[in-house]
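Both complexes below contain chain A, partnered by chain B and then by chain C.
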Partner chain A sequence: MKPIVQVIAEQLRVPEARVHDELAFGAIPEWDSLNHVNLMVALETEYGVTVDEDHMVELTTVRAIRTFIAAR
Partner chain B sequence: MQRSIVPLSEVPRARVEDYLRASTGYFRARDSAAIGWKYYDAAFNRGRERGFAWVKDGRVRGFIGIVPGLVARGSEVAALHWTCDWGLEDPKATPGIGILLLRRVIATGEHTVTMGGNANTRALVPRLAARSFEGAGLHLWRPLRTAALLHLAASRAPVLGRLAPTLLGKLPLPWFAGRASRHVRVRVTGGVAASLDALFEAQRPAAWTARYDVPHLQWALERCPGIVSGSCYVAGDRGPAAGAVLWYSEAPAVRHVRFALWTTPGADDAAEQVVGEVIRCARSRGGALISALVGRWDTAELGVLRRAGFFPRAGPLPLYVFAPAGADVDGRLDAGLGAGLGGINYLATDLAQRFRGTSG
Partner chain C sequence: MIQDGREPGSGDSSGDASGHGIDREDGRSLRSGFLRHAARAPQATALGVLDRVVSYGELEHHARLWAGAIVDRLGRPAERVGVLGHRSEVAYTGALAALFAGAAFVPLNPTFPVDRTRAMLEAAELDAIIADDASAVQLASLLRAAGRPPVVVLPQAADPHGWAAGVAAGRAIIGAGELAGMTPLAALPPVVVDDIAYLLFTSGSTGQPKGVPVSHGNVVAFLDVVAERYTVAPGDRFSQTFDQTFDLSVFDLFLPWSSGASVYAMRPIDLLAPARFVTKHALTIWFSVPSLPALMRRKGFLRPAIMPSLRWSLFCGEPLPQATAEDWQAAAPGSVVENLYGPTELTIACFAYRWSPERSPAACRDGLVPIGRPFPGLAAAVIDDAERPAADGEPGELWVSGPQTVPGYWRNPAATAARFVARDDLAAQTKRFYRTGDRVQRLPSGDYAYLGRVDHQVKVLGYRVELGDVEAALRAAPGVVEAIAVAWPLEDGGAASGLVGFLTGPAVDPAAVLASVRATLPDYMVPRELRIVTELPLNANGKVDRRALAGQLAQPPEA
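What follows is the complex of A and B.
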């Protein structure tokens, strides 16, 4: 299993060094709607979790994603 | 994913109406008859799904509409979807839901086509689309009365825009009808002429082209609340050789007439006569300007309109084609659409009803 930071960096196509807990949807151009959907799909694939629409609109920070994955 | 994105047919109509009236300018300004016409017209729908909604806590919070359409190449006809009314109640707080709505339409298994869209759409959608065509739809525009010129000048001198609905705006601009052919007789009817179906049948385009039929036009124009429509066509030996529908909104003080033109190969003369009659009709009905939306691949129609004095105005519209994934993809259509889509006009998606002042 890849580290969360790596999955996020790959989906947003940014260096891992730019991925920190406070990074949020819309804060950088790379984290837009389309890449957000791709990121949610990648989380499902990588960690075997189900991300429904309610989760998707809440998982808008790296911290929220980390907490969500840790709880599953 | 997509547990709460559901077909429109499964959502209570009152919830859909609440959402559309709150979120869409077109419906906000109209009563529920407009929503009934657009999404609940049984004669047009014929059981086809007309959209998808994102429902959360019992309310619709996102929506994408579908206008079922056809494309034709030669004698082949295929179905596709035009999208419309794509939006979210709170886009900033609901990232990705709009993308899921579009993907839900694409997943229905037919090709999906979107035209135009706001800056956000134009930034995102090309990354999802199988084909993107910038500048696909050209607005061609022709002023008929001084009101149209006053509107044009209003961007530099706003006071002139305020004069447009006054008597000063009603002055007709010079127009030369051109030569009338003794061999060509243009027929004019109110509403959508049933004879146009024979014209659509006769077109047999060499490349994939948007295809209409009279039932589609009757829904889009005749039954649309607040729209007045008419038809002009030239009858040939085996049905119309060229034809047009024109329409306008009853409401605005400055009348903007729109039209869509169809021709058959070698019928430029008939098409020119039809356009002349369309202009004559628009003037006689108080039109201040007349416009058509034409695809950049439709060279015959573009030529006819340019010779009739129409000129490009406003930004061209992009066209995006989304191909369904999987084994159900129509390979003929998929490959053919790489070269573009003919027959674009205001009837594509729901552009026909969206009058925005006189901007075209």
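What follows is the complex of A and C.
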């Protein structure tokens, strides 16, 4: 399994150094709607989780994603 | 091929027996329907935004208050009022306040680069700007370079004068404190049908945003048609999906407000989980670009019968794929699905196709739903390359004339002359047609099918983008010699979800190019990928072969 930071950096197409816990959807141009959907799909593929509509709306920070994956 | 619809009445109020149309007493304007319903039922919900629910009475009070402040400081009715805000209560109320001040509203998006918004602000020559708190910082940098000092209304700011100290002096700044001591505007400055209701800026092929002024007469003609078509009633609850810089947002806001219904604003993240939002607010009317349900399909969110409250499911802004229509119909089985079509120059939408699960699959071409037929009162013509009517069933450019055809481009006679043409051979009498630049074909059923563009305009997630606009920004970046933008990747049905830029130049740094274009283009126009090439492929005519470039994108980049 890839580290979460790597998955996020790949999907947002940004250097891993820019991925920190407070980074949020909409805070940088690269974390837009399209890349958010790509990221959610990548989380499902990489970690075997299911991202439903509530998760789609709630997993909008790196911290929230980290907590969600850790709980699985 | 020419189709001349029913001639509209000469400004009379017939054809409004439903009672859902626009109030004629206030000179048939974009604000008159709202005023009628606010007087009738001030407690009714007009707007839901974040966790706030705003009644018609409250919305009217705020809009009259802000309008009063603007008229008071100007000493006259306003002509154009900018509204700077993004999906906020201030931004929605601001549009209404502008209309109450006798002005056209000019939506400005704080997520756009400052330089682009400043170009719009200067072109529009605003009398006033209403801004939400979240946009105040950007407003300061916008105003520093503005030539004419507009009145500034910051309805949420307790101490706007501290803010104003950093901005050039001499402007009338009105904050929450001043507004609290002011009187709502009782007698609204009159407006007439030819007055501009709103002024929008679209992507222009030369790199400068192009202004499209839409008159009260244009938009009232549109609202009359759709209020009747969708039998809108006070109990209806609308989605608000479109950014206010997009003319389809006028449908989102003013169709409900002209009918006593309510509208619920969606945050950008809500757009990625539409069924959740529809259920939460028991929406009855959905209106969005087809890209949104396409994203839902990809994520498996369009499940059967998950949106039972919807009675209309409307799509516009880009081609509607058949698969999207089918899956959405199953997800909202109690709704009627329609595909709408129309450029800003023809006021929001001017064609519609009603989806039938039984009959429509056979009517689709290349996996796309037809755009249907022109609204009543509009004349449509399919024109060949020699600017003559094409033979029935032959493809050609769509030209449209009627009460929804806007007056022309904002202070741009050359562009207006190129796209708005008077012809006496296409309709019963001489009419002004708008050349849409869209290639269509009339099907044997009488419905029209959309085939593509005659130029280099594309749609990215529903946003209208002139590739020339993007290429001009790329060429202005350091080290770039030549630049071509291609719509990519393409989703179902050929709509694009992004752009790729191809660049030549001996020492081009992609990071520097991206930083440069981000300073001038809104996010949806910034290429998602840049490819540096030694030369651009040419076709047999010696022009850049865009098709070959798109073909390269199907291949992985060379290592």
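Assume the second predicted complex is superposed on the first by the 72 of 72 C-alpha atoms of A that agree within 3 Å, B and C clash if a C-alpha of one lies under 4 Å from a C-alpha of the other, contacts with A are read in each partner's own complex, and residues count from 1 in each chain.
We adopt the following convention: contacts are C-beta pairs under 8 Å (C-beta built on N, C-alpha and C of every residue); 3 or more make two chains touch, one makes a residue touch a chain.
Please read these numbers as outputs of a predicted model, since none were measured by experiment.
Once both complexes are superposed on chain A, the partners chain B and chain C clash.
Once the two complexes are overlaid on the shared chain, A:D54 sits against chain B and chain C alike. Look at A:A27: by the touch rule set out above, it reaches neither chain B nor chain C.
Of the two partner chains, chain B and chain C are each touched by A:M40. Residues 25-26, 32-34, 36-37, 40-41, 51, 53-54, 56-57, 60 of chain A touch chain B in one complex and chain C in the other. Touching chain B in their complex are the following residues of chain A: 25-26, 32-34, 36-37, 40-41, 44, 50-54, 56-57, 60. By the touch criterion given at the top, residues 13, 25-26, 29, 32-34, 36-37, 40-41, 51, 53-54, 56-57, 60 of chain A touch chain C in their complex. Chain B contributes residues 1-5, 54, 56, 92-100, 103, 123-124, 127-128 to its touches with chain A in the complex. Across the interface of their complex, chain A is touched by residues 268-273, 275-276, 295, 298-299, 301, 461, 497-498, 518, 523, 526, 528 of chain C.
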